[in-house]
Every structure is written in C-alpha cells, then in structure tokens.
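Per-chain residue numbering starts at 1, and chain names A, B, C and D are given in the order in which the chains are listed.
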Amino acid sequence: MSGNTIGTLFTVTTFGESHGPAIGCVVDGCPPGMELSEADIQPELDRRKPGTSRHVTQRQEADRVEILSGVFEGRTTGTPIALLIRNEDQRSKDYGNILDTFRPGHADYTYWQKYGIRDPRGGGRSSARLTAPVVGAAAIARKWLQLQYGTRFKGCMSQLGELPIPFESWEHVPNNPFFAANAGMIPQLEEYMDALRKSGDSCGARIDVVAENVPVGLGEPLYDKLDADIAHAMMGINAVKGVEIGAGFRSIAQKGSEHGDELTPEGFVTNNAGGILGGISTGQDITVSIAIKPTSSIRTPRRSIDKDGKPISVETFGRHDPCVGIRATPIAEAMLALVLMDHALRHRAQCGDVSVATPRIAAAVGRAG
Amino acid sequence: MSGNTIGTLFTVTTFGESHGPAIGCVVDGCPPGMELSEADIQPELDRRKPGTSRHVTQRQEADRVEILSGVFEGRTTGTPIALLIRNEDQRSKDYGNILDTFRPGHADYTYWQKYGIRDPRGGGRSSARLTAPVVGAAAIARKWLQLQYGTRFKGCMSQLGELPIPFESWEHVPNNPFFAANAGMIPQLEEYMDALRKSGDSCGARIDVVAENVPVGLGEPLYDKLDADIAHAMMGINAVKGVEIGAGFRSIAQKGSEHGDELTPEGFVTNNAGGILGGISTGQDITVSIAIKPTSSIRTPRRSIDKDGKPISVETFGRHDPCVGIRATPIAEAMLALVLMDHALRHRAQCGDVSVATPRIAAAVGRAG
Amino acid sequence: MSGNTIGTLFTVTTFGESHGPAIGCVVDGCPPGMELSEADIQPELDRRKPGTSRHVTQRQEADRVEILSGVFEGRTTGTPIALLIRNEDQRSKDYGNILDTFRPGHADYTYWQKYGIRDPRGGGRSSARLTAPVVGAAAIARKWLQLQYGTRFKGCMSQLGELPIPFESWEHVPNNPFFAANAGMIPQLEEYMDALRKSGDSCGARIDVVAENVPVGLGEPLYDKLDADIAHAMMGINAVKGVEIGAGFRSIAQKGSEHGDELTPEGFVTNNAGGILGGISTGQDITVSIAIKPTSSIRTPRRSIDKDGKPISVETFGRHDPCVGIRATPIAEAMLALVLMDHALRHRAQCGDVSVATPRIAAAVGRAG
Amino acid sequence: MSGNTIGTLFTVTTFGESHGPAIGCVVDGCPPGMELSEADIQPELDRRKPGTSRHVTQRQEADRVEILSGVFEGRTTGTPIALLIRNEDQRSKDYGNILDTFRPGHADYTYWQKYGIRDPRGGGRSSARLTAPVVGAAAIARKWLQLQYGTRFKGCMSQLGELPIPFESWEHVPNNPFFAANAGMIPQLEEYMDALRKSGDSCGARIDVVAENVPVGLGEPLYDKLDADIAHAMMGINAVKGVEIGAGFRSIAQKGSEHGDELTPEGFVTNNAGGILGGISTGQDITVSIAIKPTSSIRTPRRSIDKDGKPISVETFGRHDPCVGIRATPIAEAMLALVLMDHALRHRAQCGDVSVATPRIAAAVGRAG
C-alpha cells in the first residue's frame, strides 16, 4: 500500500513537488467507454488555481492539464489515465531562509524527522499545490458518477475565521472569491481578509460539502464504511483538523428521539445522519463539514529551532494564502467525489450494480431531508 | 481490499454476528518474539464488556477470549493470531418484532438495500458487540508499542448529553462507570442516566483519547497521513459522527499566530496540532476527540416503514445502552492503538526503525505540550 | 497487505498451526444471497484430508468444518464467513528430535532466520495441513462461480515421480487414491508407492488443473493478469517449484505459426494459450500444470546443522506423505477457483457484469480448443 | 488494488500506450536518502530498447528517461519518483489493417471483450513497450539492494527456439544481441534468426535469471511467499507461459534424498530449492527460469474473425520482434529486482532489518550452491 495512492479500485497515485518540473497523477480503474478529454478536467482545475484574487497566494500557474494515456478516440479505454501539469512559476528564492529551519505549524520538522531529508522549496511534497492533480482526477470521477447516477457535488465556505456565513443560496458560490453561498456578506468578508493580510497573520475556515443523488448502498462495513473513508479523505487534506457528518458534534447534545431520522413512505423526515447509516449511504444527501486551521506561513515572527536545536525566530515571506480555506472548497468536493467513486465500484464488485439494489423500495423512500 | 480488515501491515480481520455462535478476529503481521497470552488481552475486554453497571445494556457476556494460533511457548511467532470469543447470552426473542421493519437511525435499512438480506438479530454484523474482538486485537498492539516506545493510551468521557464533564485527573477514570476523568460530578451523571433510562430515550457523548510517548515520524503522506487514518478509524466506530484532532473545530476561529505551536530547545510550547503536523507525528501527545450520537434503539415510538414501504411505528425493546458512549472509551483507545501500530510498521518498512530517526534532534525537543 | 490473505476483493485470511487447537479462515467479500451450509464445504475437505489411503500420511483428522458467521437462514449475508476446523490428532512427540535442528528442504531454517522463533510441531504454520481451510473457502467460490457462469474445475495427477500417467478420462479421477485420470495404470502406481514407502524416500508429481466455462474478460492487466495471479497462487502451494499455462515450456520450441491459436466463427481451433491472452481469459478452458517436489520429510539420514551451526544428521520419523502430490489435486483446484472468483469480482467492479461483455461476439466464438 | 501497480510497499504504477504521447511510472515507497539520477536508470533502459540489432523490432526509440519528482539535490526524498519517457517513433499507419480484426495470439480479442474498446495502435497498453518504465523503476530497486545487501542480478537466454544454449560464462552476456552466456554459438543463433525473419515466422525462448547475495528471510508466507511473488511477476511479463524455480519441473522425477539440499557448516551443498524454502529466501542464489512463447505478430497468414464474427485472414506487417525473448532478459531481471525490493521492505516492517536476522547463524552457513 503506497501512502501516495487514494482509493482501492478507482485509484489515484500522485507525484510531484511544489517546485519540481511537474506534478501529476495516474488514475487507474476508470470504467471504459466514457467520453473524456482535457475539457472535462480543466474547469475544475481553474476553480482551484492560485492567483485568482487578492485574497489568495499570488503565485501564477496556468495549471494546464495534459492527458498522457488511457484515452483513445475520445473515450476511456480502462487503462491508466495519466494527467500531467507543468509547474511554471516557482520562485525558489522566496524560500531561501528556511533551508535549515523549521517553520512552526508546518510539516518541515516532521518530514525531516521521518525521512532525514526534505525538499524545502515551496513546502516540497507537503505543499497544497499537490491538490491540483487530485482535483483533476476527481473531475473524471465526478463525470462518471453524474452519468451513472446523476450524482452532484456542491460545496461552500460556511465560516471564515470567527465569522459565520449564513447559507443563502448555492447560486452565489461561483460569484465570489470565497465560495460562500451568500451575497450580502461578501464586502464584510473582503474587509476582514484585507485587514488580515495587512497584519501578516492568518485565519481558519469551515467548509461544507454535499453530495446529492447518491445511490443507496455505498459503503463497506465494518472498517471501510463510507463515512470512515470520507473522514479519511477530508482529514488528509492539508490543514484540516476536524471532520463531521450530518449533525456531527451537535449529536452529542441531542436525544435519540430527536436525532434518529424517521422514515415515511414519502422518504426520510430529517437528515441528522448526513446520508449515512451503519456506514452505508441511505440515498439522502451526504453532508460533511470540515475545520481548516489557519495557515502556518505568516509574517509574524515565531519561535522555532534549527537542525542543531538552537532557538531561532522565523518569519515567512513569499506568496502564501492568508486563509488556506479560501481555495479549499473544490478540493473538499474532489475528495468526496473520489470516495464515492471508489465505493461505487466496490459495491458493484460484491453486490452487482446499484441499480439492481434500489428498486427494492424505490417508490417508498424519496430524497427528503 | 476487504472491508472487514483494519490496517495494512498489522491487520485485524474480524468476523461474527451479534447472535451467531462466536465472534473473533485474525491478527496478521505482529512482530515475532513478543510474550503474549490471554492474560494480556482479557483485561481490555473486561473494561469494555456489557452488563457491568445499570447504565449499560444488561446482556451478560463473559467475553472470554481464546488464542487459537500464532503463539508458541508464550511468544508470538509472526504468524496469524486468531482470537475467538463465544457468544453466550443471545436473546433472539427480544428482536422478534423488527424482522421486516427498519428501526430509524439503525443500519437495518441500509444493510437491506445493499445486500438484499440481513441478519436482524441483535443488529447482526452492525452490532456494537463486534467491537470486542477489535479491543482484543488492540491489546496486542498496545503491548508492543509500550515495549517498543513506551507509548501509552488514555481516554475519558468529556461530555454526556448536554453536560460537559470537566477534566480533573486520569486517576478517576477507572473508578466510575462513565470513564469520566472526574469524581465530583459522578452523582449528577448517574441521576441524569437514571432519568434517561426511565424515559426510554437516549443521549450522545464526547470521548477524548490521548496517546503519550509517541515516536516522531509516523504517518504516510500524502494520503495515509496519521491523522487521516485516525479519523478513518474513529469515524468507523459505531455511532460516531465527528472527529477532531488537537484544536479541532476551535482552529477555525484561531489566528495563525495563536494556532501554530512554537518550538523551543525545551520542546513545543503548545499542542494545537494535536501531535501531528503534515500528517506525521511530532512526538507530542496525540489528542483526539469524537462525537457519539444518541442510540437509535429507544422505547419511544418512532415512525418508519416496512419492506413494502408501508408506514409503521417502531418501539425498540430489549437490552440496549441508553448511551452508547458510556462504553466507547476503550474502543476509541483501541482504534488509536491499532492505527499507531500499523504506522510504526509502515514507517519501519520505508525508513528503518524509528529509533534511528529520533536522535537527530532528540535532546532539543522534549514532549512539552 | 498481510501475507496471510489470498485475494483482493474475495479474500481468504487463514490462521492456525499444524499442532495448535484449531485452524480456519475468514472469507470476506462473498456476494450476498447465496445458499450456503457446511454441506457445501465438507465434501471438498473430505477429498483432501489425510489418512484416506496407505499412500498418504496416516494422521487421522475428521476435518469437520463449522461455519461461525456470515450466513443467516441458510444464505450468505455479505458479511465475513468464518470457517473453523478443530485439530484432533496432533502427535507432538513424533517431532521431538527436530526442535533445535533444521530438516533439509523444509522451511525450518528459513522460518527461524526470518522470525527468530518457530513452532516446530508438525511444521507449524508451514505444514500442508493449512491447505484445509483454503480448500474450504474455495468451496464457497466454486459454488458461486458455478451458479453464476457454470464454471467447473477439474484436476488430476499427470505424472508420479518418473512415471507419466496418460490421460484416459476424468471419470477415473475419484476412483483411485492418486486423482489419476487413468484406470489401467493404478496397480503400477500403487506398487511404485509401496516400494517408495519401504525405502523411506519420497518422490515428486505433476498436477494438471482445468477450469471450464470460464467467462471471457477476467484478468487485470498489466500486473494482475489472470495468468500472473494463477502462477502466484499455484507457486504458493507447499512444495510447488514450477507452473505453466497452456503449452507452457513447450512454447519455447514452437513457431508462431504453430503456437498462435487461430479463431474461426466456430471458435478457437487450438488452445496453446491455455485460455488466457494478454492476461485476460478468452472463454476457452484454462489449463495449468504444476511441478511438485519430493517431500523433504524422509527417513533417509541427511546432513544438516543445528542452531549453533554444528553438523548433525537428520532422519524424519512421524506420519508423512511420501508424495505430497498425491493429495495436491484438490488444493490446486481450490487455488484456481479462488483466483477466478477474485477476478470475477474485480472485472465486475470496473466493467460491470461479465454477462454484459460476452454478447459482443457470443455466437461467433465457441469453446473449441 | 489497481491492476497497474506492482508491489505493496515499494510500488510501481505505470501508465501509457505504445502510440500515445508518453509512457512512464510512479515509484512510491523508495527509502529516502539514496543518491539517484537519470544516470542510474538510463543504462538499464538502453539494454532493453528496440532497434539495437537486426534481430529485433526496428522501431527507433531513444527511451530517454526524465525524473519528474522525488529527488532533491541528488537524493531520494521518500516521496514518489515519477519517470517519464516520451514516445518518438510511433508509426500508426503500420497498424491500419487490424482496427476491427483480432490478431491470433494477441490480446486484441480479450481487451475488446473485457473493456468494449481498445487502442489498437502498436498493441496499445498490451505492447511490450510498456516494459520500459518497469525496467526504469527496477534500476532504482537494484541500486538500493546492491547498496544495502550487495545483491546482484544476472540473466541470460538459455534456449532459442529449439536450440539449447549451453552456459559458458556471464562475461559473454553483454557481447551479443541475445544476452546469451555463450560465445561459440552466436553465429549459429544469428543464422537461425536470419532464416526465421525471412520466413516471416517467430520462435520462443527460455530465459534464466539469478539473484546473488540475497539476504535470508525475505518472503511473507503463506500467500505472499517470495517464490509466489516471483512467479506472479514473471508470468505477468508479456508472452511468458511458464515459470520454474530451482530444479523446477525436474523436481518431479527427483527423489527426496536427491532434491533436498543438505546443510553443512560451510553452507548448502546443492541448490535444488533455487534459494527459497517455505517461501522464504535462504541466502543462496535465487534461480528462476521462464518460458517465452513465439511472437504472435507474424507475416504468415492466419485465420481469425472480425468484430461481427466473420472469418478473415490476418497477416501482420510492421516492425516486430521475431523473437520477443531476445530482449526479455533485462525485463526478467527487472521483475526479480522489484519483487526482492518489495520483500526487503515487507520483512523490515514486521521483523526489523534483515541484518539483525542473519547473524544468528552467519558464520555457519555460507553461500554455497
């Protein structure tokens, strides 16, 4: 099991460092016969890329993806699909002062302890840049799931620093740099970020992601439950410190009579379960929320040590996101899509096509909740 | 990849249903030469078992474990270790009224949708009883980790329903039925549970687990990070709806200047990271907190449907935990131990023994935080 | 990946030592809804068990299998199926003289070098006894494959020591202790074995196995090809030193114009491919042949060393097969069945049911060859 | 588990089609800190590449490898190492006449049946060209194994068609186009191939590979034995139909008193085991021999069918190897190296460094055999 592969049947193996020549991935296990081209993938990468607003890192990368294999005459062949993205705007000199030092809150210290060596330029392998190929691979999964089941993925920022962002409508999400499902609060959020950037500090965020039209029956109990794999994928995203599903941590204070989602012939009445029961999808929307910590790359001087254990002070210059969460929404959607894709194939392996399963009670239970 | 196996190198494959003849597991990949007997495992099972207080299910099970293989003259041989636990106190008649119905909030509906068939007795495979062999397997891991690194695992309940339980001391944990690190609040908690049981309803809980003396360097970025695998293991425990590490969801409202744990020659100053940076252990305590939803098996009538989609009312009788969280602490500790064990072996595979890595800065950084 | 698990989607994890209390396995990933009971499994175990003729080990084991989980009201639930077989006739005193010595040709030396410890009784984990649970698990796979595709497995001994056994008819196989597809030669084979047993020496054997009615399309190129996985499974059987498929080693001296199996509307004309092209099943019979080395447990004195490196002489007493190959046929069939089962599920995961694939040319190509 | 990944801890995931823009692989799990550059890899690719003699395909490819990631300042970082090789000399028009037909003996038919679609140009994914990235990845493994244990890999052709090639010396291998360990027979082999090429037909070959200085203790019984994994890797090479280890198929006719390798204080006396006992390396040379079938791409007209099941005649033009075995030796060495590399890490995971194990009897047993 390589630690650089996501999934078990629909697998994504990534490679690349932030300042290396290229980053990319190999997607294996994609069902054959689906139409696929760069045009299916590039838009997702464009949603994610840096340099799109003053609130994120100013590194300019086109993130132009190239499909190197696995497609013939515009259709997937069932063989591995390799995606390549060339790095263009590495500025290694911005990182010169941290070669032998450890930036607090970063992976510098732990990578050095584990491997005895690290590529410090731009965070090397630990850089958030490595989310690009994953988002690209997920575009393939999103397309297949939509064609197969009509599944759709949505995400938004629901809190910025200490400011909750009330949900108004999904329509607003593409229209602001925060992926906020809110129009009225945008000026306030921009002011907040401008002040933050001036101060040189950073803040955290909360991101909500939703999957709609999820087929019932996905999940492999007891240890590869759908929610377990979702938690795994989300917690693995850079800077994530918490994951909750459905009512999440609110469940603690609920009573069973309140939390348990009742079933009627018209469907589920509520969705505290977040679309998953016993580790298997119910057919309801899957609702996930994640906590993103504030970026560790800040201009405020921080105490740290160097390789010899001597105390030093670290200030991080260079082009950084004052809030990593601002660009996290497409990444969280991508991880959710990859998990559902893998589980769709796993379910099909043991139990045959989901379409076989659902008619058992199709009419009775809708998608309420 | 079977969904009923935990881990990649130190693997635990479980089997059994709540009302079948036996439950158990096969542990593969245990390093050879370690002393092991039932005496190492039984105490952990005893911490977990039902019928120990009036606040938990009254099902009486001795949970006596038998080692069937993998040990010779008292030492592990490196071959698979099979643990067997016979079921003794199944009362199938308590479940008679749910054969063709789905209890809200349970896995009944989803198991039936996925497999087309389910063993309804006692929740079948989805029953929390299946945590017993996992706790047994984890006892083996705990022993090895303690011998190898001095690693220790601790856990406690930090909230019961809407009642926060302030941390007083680890010493109190074994002395009350709640695994609460608190002595003063116990009478209040018992009153709360007595009232709850009378009402027939249920409540949730929050459990905190900690690993101390964790070697630095465990974790396999980018996708098998230590925190990702911990989240996977925890979210997979029955009834868990949320997982957070370190400052968790509090990170959202923190600034980078506050969240980032500074390093000094004496060690880390704080531990918002929860002992993990970039997906790799730092050597600090690993701190995890989970949210457990209220039990779905309650005596309050609830709306549901049967297999034909007709509306019915469900009241669950039988012997159930009014708060599943009360017995969850040993299980959460067990999962944390299994994850660390697997990662200790994974790290050793690629980078050699951890003891080789740590001296790089051993003197400089202590275990502060 | 635990080394004690066969397969990736239909997995079999075995446990047990030759002289421990029990041996068994956990089968995970079995499709739900199939009728299953001990009656489906016991006959396969009976074919394999020791003490059935004077030509094999005289250890008496009923090999009675017990299903501990995974079945409800006579049908598989999709949850793990545990099989348990109690050991009854261990005679540890027969092994007393090899505790600190290494029998030439056995795994004693290598297990000790690898693990630093070994259970020497009856060969411990390396004993051929451990093929029993595998044969039991394969019975489940054989049933599913037969129901799903009509697939059948056959095997026979085609050479005993230096004596080739010409193929007469499959009908003869159950009627002699050798699994020979030949009636006329049996007296000669029995004489040969009687003489061998008297001499205290041992001989090798060649086993042929065939799978008929194999669906087309099974195999996962490039590295989990069907023939690669078959070779893996066969070479892993105790005492196997060679595996060939189709024309096997005879292919070397063939010309392309002779080896390549031509296709006509009535089907393939020949089957030098052995039913596999490019690592994927063609629909023709899969034909495999394996070489089994002579047993290393012989009464002839042999030179060896002890743990301190001093020269010793070893004579093995106890109850041993003078030809391990005599009982190997059911084991080889079992491994072939497990590989096909796993691949049926893997194919279904990525490409949907095989039945969808075959109609493309169903009428045109038959099963000739 | 993706079918396009070799290994479990040291993994190689390949991508690319014969006529696509590029082929390559991602190597994950490489221990950090080892010096690595293209100069370590290119020579192995040069040994393998096409167009080097008149006896192999005349396709001209430089096979120039580029390392895209996983190396910093000349040393491996422990992160994935991506290798890229651009295709230069695709001549798709040479394949024009087989778009809708199936060449006998090739994967055309099976790929189409399995996936419903195939890239026919140059054999697409099933082309032997895909052995290039594998050979590149193996160069990394070979280097690490040599530095760590002094392990060396050697291979040669031991039979061409019906002509056995007696072993004279390893020194001859690099000096002829056949990788034959023989000087005297080369003119005869060249005549043979010239005649074969004229006739338009093809022949098979036998390749022997050897690993020397193998550490004792590698292999994961019972189902990931070293010999099982070697058989898996070898049988998975294009055109291989048989694999044997040590005495292989000759074992059948041997007696136990002859086959079992005796042990003395000076070491093993013989090596019928081929360096593996009980699935674990003994420290002796690992000796493997494989059978390669004659190429299916021949100019002789052959009967086949098209997608509609109608009979056709197929003659294959284009640039093909009249004997695939001529270039197979580096590939077989590569697969053996990858298997040993993976097992070195697996052994280290469970049992610690091999160097810990061997001293137990280091002095007593040498490398005789």
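Side notes on the structure shown:
One rule holds in what follows: a contact is a pair of C-beta atoms (placed from the backbone, for glycine too) under 8 Å apart; a residue touches a chain by one contact, two chains touch by 3 or more.
For each chain, UniProt lists the protein as follows: A, B, C, D = Chorismate synthase.
Owing to the predicted nature of the structure, the values given are computational and were not obtained by experimental measurement.
Identification of common neighbours of chain B (Chorismate synthase) and chain C (Chorismate synthase) yields A, D.
By number of C-beta pairs in contact, C-D leads when C-D and A-D are compared. Our note on geometry: chain C (Chorismate synthase) versus chain D (Chorismate synthase), Cα centroid distance of 26 Å, whole angstroms.
We define each chain's centre as the mean of its Cα atoms; on that basis chain B (Chorismate synthase) and chain D (Chorismate synthase) are separated by 45 Å.
Centre-to-centre separation between chain A (Chorismate synthase) and chain D (Chorismate synthase), using Cα means, comes to 39 Å.
Residues of chain A (Chorismate synthase) in contact with two or more other chains: 1, 3-5, 8-9, 14, 29, 32, 78-79, 114-116, 125, 221, 346, 351.
Those residues of chain D (Chorismate synthase) whose C-beta lies close enough to touch chain C (Chorismate synthase) in the complex are 1, 3-6, 8, 14, 102, 104-116, 125-126, 130, 159, 161-162, 201-206, 216-225, 227-236, 241-249, 251-265, 269, 272-274, 276-283, 291-298, 300, 302-305, 307-311, 346-347, 351, 357-358, 360-361, 363-365. Residues of chain D (Chorismate synthase) that touch chain B (Chorismate synthase) in their complex: 1, 9, 29-32, 78-79, 221, 345-346, 348-353.
The part of chain B (Chorismate synthase) that touches chain C (Chorismate synthase) in the complex is made up of residues 1-5, 8-9, 11, 13-17, 20-24, 26, 28-29, 32-33, 66, 68-70, 72, 75-82, 84, 114-119, 124-125.
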